[in-house]
Amino acid sequence: MVALPYLWLLLFFVAPFLIVLKISFSDIDLAIPPYKPLLEWVGKHSLAIKLNFDNYAFLFTDSLYLHAFANSIKVAFLSTLMCLIIGYPMAYGIARAKPAARNVLLLLVILPFWTSLLLRVYAWIGLLKGNGVINNVLMSLGIIHEPLTMLYTPLAMYVGIVYSYLPFLILPLYANLEKMDWQLLEAAQDLGCRPWQAFYKITLPLSRNGILAGSMLVFIPAVGEFVIPALLGGPNALMIGRVLWDEFFSNRAWPVASAVAILLLILLVPFMMWYQSVQARESAGAR
Amino acid sequence: MTTSAGGVVKAQPWNDPTTRPYVEIERISKSFGDFKAVNDVSLKVYKGEIFCLLGASGCGKTTLLRMLGGFETPTSGKILIDGEDMTGVPPYERPVNMMFQSYALFPHMNVEQNVAFGLKQDRLPRLQIQERVATMLDLVKMSDYAKRKPHQLSGGQRQRVALARSLVKRPKLLLLDEPLGALDKKLREHTQFELISLQDKLGVTFIVVTHDQEEAMTLASRIGVMNHGEIVQAGTPSEIYEFPNSKFVADFVGSVNMFEGKLIEDEPDYVRIASAELGGTIYVSHGISAPPEAVVWAAVRPEKMFMSTTAPEGGADNVVRGAVQDIAYLGDLSIYLVKLPTGKVVRVTQPNTSRHAEAISWDQQVYLSWDATSPVVVTR
Amino acid sequence: MNYRSSFFVVTCIAFGFAFLYIPILSMVVFSFNASKLVTVWDSANSPTLKWYYALLNNEEILDAAWISLKVAVINASGSVILGTLAGFGLARFSRFRGRFTLNAMATAPLVMPEVITGLSLLLLFVALEQLIGWPAGRGITTMTIGHMTFSMAYVTVIVNSRLASFDTALEEAAMDLGARPFKVFFVITLPIIFPAILSGWLLAFTLSWDDLVISSFTSGPGSSTLPMVVFSKVRLGVSPEINVLATITLAAVSAMIVAVSLWMARRAKLDKTAA
């Protein structure tokens, strides 16, 4: 019964990665497809495998790529942090609300989640640009006299990422908080804890799995994010996802793009495994 | 031979070696990895019995029941039902039905559809199904609720539907997993008698699993007390209660006062036990089989002790003094905890036969005594 | 339970929701703005529906929407079948060969950056084409396969988690009453977990409908989806037709969410008693 999805995933999920790996070792070629095959018959009976490590060497020596990787991690990390700061109180508040209010609030969080990311990021273009909403409002209120440059800056990119990924943090965190036994807080207060202490000593540790799950759901995809840097970040917003896209579509440098993808994958696999183990722990605890 | 539990109790087929058992469990064991849940259990259940497997949680009773139902495969041993070997047979091919602890009513079907489900699997003609479902619902008094869905029923009503669903196929054997556990006390008592009368009418053999000894004593024609995956003792309720074969059974069913002691006199028709715990001697008017100088335990039930403020007549055996430590007034009877000079606390129950009885109060000195026929001596 | 939340939490919630919704609402408001500059309110001619007419007559967008719809429906249906099988297998069988691999493969797409998945899928299709001649060029087929691969992950997680809280006694009772395992799955299990499967379908549909990156990698000439068209437009800046599209999308999604929630609420009463 599980054979069908298993085979599907093997063919369409795992095999592709092997191919990416293979192509990352290829030479670029002015052909369709734009890479040379790895195996070549040399003479009648010898098969030569040519593994070109140039692509990887190129990535490590050209500072552009190193910067892009480092910047992506930095941006993803800070965005995750900001999502946590904004999102935790929201998830907490929803989990503690009366059931009727809770359902409405949840719907209000889910609605952006189901609305296209592309459109929601587009909304920020309208807000942040030179004659956009924010500038217009601030100017008409007399707070500023010249429009602020907000679009095509790193700031815009942060705002975009936090905005888009916020529901991804709130929902698993809410799911975790909702299962909490609130009587534990009452017991803590009964034993002399002040509300903030009770939160710090009881709620926060118990919601650890939710925090980790939500953070991973933001951090990992954010590292490889492409759309938001492309639309909101300026040319200086170096994100690895964008680099990969440009290498592939603009430069037609498939082998280099593949190498970028492999390195990105290697970078993210530890985080993905961490996420899996958090999920496994959470479901084991629930049973 | 009658098939009702009452008739069975009178006929006592377990004492007749020529009667063929209806359900035979032969040396059944079940291990989960290293853990032995059921350990070499053998049992014979006769047609028309209500047999109760009684034990605390984790004793293996539910595992044994599930093996009878076909939901677990025994690691070793055989199960025979009506002479046929059913050991490897899956649940949907056994003439056995089960009533689940959570009732397991299908939430997306109404009462009628739930009860009809088993008959539909047998591909009975539609009219016949309708007829049998209607008769069954009538029997459990749920005819008016035929079109309701499970979430619209109360706990007791759901239980009756579950019962109807499991009986409508007229199984050879009905397995019940803690059938009365989810009901409150009054409903439980009422349902106990309803279960017995239903079984009487239909003549189905029941095997019930429960941890509630009151339930077992009320329902069962015979009880099998289980501990650590083994059946420690099997017998009628009175046999189990009055003649437990071990400390465990004596303590598990009802309350008991256990006095450890040594045999000082061992004769075919009486024994005398010296008990340091008691601070006296116990005279039992029947013989027991035990090695000389053996350590034994004399068990005396709380209701078999007499409590008085004056010293009773008679010898030095079977009497002891103490001080009342605690009293629990339960309405129909009172429980007294009496502390002996040796430090042991003895439990005595006395019915409150008169409304203004000479009130025995805390710290009062009392004499406890019992008849020589009352103690049960166990050697393990 | 004490439902009163501290002032701090309430304020955070208020600001949080304001943050979430002000951009969305601004898009809706400006879809009625006559000015082509979108964010500069033309009070003389606004509010107006002229951009709504423009959008509904825009061939490019309508064609793309149709393609997106086809892909999304096929994707959702396929993902639901694959995801339910995988979710069921993972939930019910605690030990089988390849379980760890299946679990890892089935849930990895949830967190993986789309550029990686998109790139790898495209390279696969190219290699396959070289090897066996299929798929001949990229288009709707390859896009659908790509979408299904990652949507399946979401359905698997949903079904798996629903089955974790499913009372297996219901299936045992059905077997006890004579139904064979296959029948039990279709007559008992499936109807009861149906809301989870429905959410899986809707989620897979939405993910496919909104997807940009994987579609871009796996599409071919003539198979541009709606997000791809939108992206090429918004790269150049704001466009009033996109505001209109956003408003329509929002309305549709809200209607769907409200409808589904109401239906689920009514069914929740059923689920409260068992399963």
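Structural remarks
Note that the chains are named A, B and C in the order they appear, and that numbering of residues resets to 1 at the start of each chain.
In the analysis below, contacts are C-beta pairs under 8 Å (C-beta built on N, C-alpha and C of every residue); 3 or more make two chains touch, one makes a residue touch a chain.
Fair warning: this is a prediction, and the values are worked out from it, not measured in the lab.
Under the contact definition, chain B and chain C share no contacting chain. Most remote from chain A, judged by the distance between CA-atom centroids, is B. The chain occupying the central position, as judged from C-alpha centroids, is C. Centre to centre, using the average C-alpha position, chain B and chain C are separated by 56 Å. With centres taken as mean Cα positions, chain B sits 60 Å from chain A.
Averaging Cα coordinates per chain places chain A and chain C 17 Å apart. Every residue of chain B that touches chain C in the complex is listed here, in rising order: 69-71, 90-92, 96-98, 100-108, 117-118, 121-122, 149-151, 158, 165-166, 169.
Taken together, the chain C residues at the contact with chain A in this complex read 1-3, 5-6, 8-10, 12-13, 15-17, 19-24, 26-27, 30, 37-40, 82-83, 85-86, 88-90, 93, 96, 98, 101-117, 119-121, 123-124, 126-127, 130, 145-146, 148-149, 152, 156, 161, 164, 206, 209-210, 212-213, 216-217, 227, 230-231, 234-235, 237-238, 242-243, 245-246, 249-250, 253-254, 257-258, 261, 265. The residues of chain A lying in touch with chain C in their complex are 1-2, 4-6, 8-10, 12-17, 19-20, 23, 33, 86-87, 89-90, 92-94, 96-98, 103, 105, 107-112, 114-120, 122-127, 129, 131-133, 136, 163, 166-167, 182-183, 186, 195, 216-217, 220-221, 223-227, 230-231, 241, 244-245, 248-249, 254, 257-258, 261, 264-265, 268, 271-272, 275-276, 279, 283, 286-287.
Residue ranges of chain C in contact with chain B, taken from their complex: 167, 169-170, 172-180, 183, 188, 191-192, 269-275.
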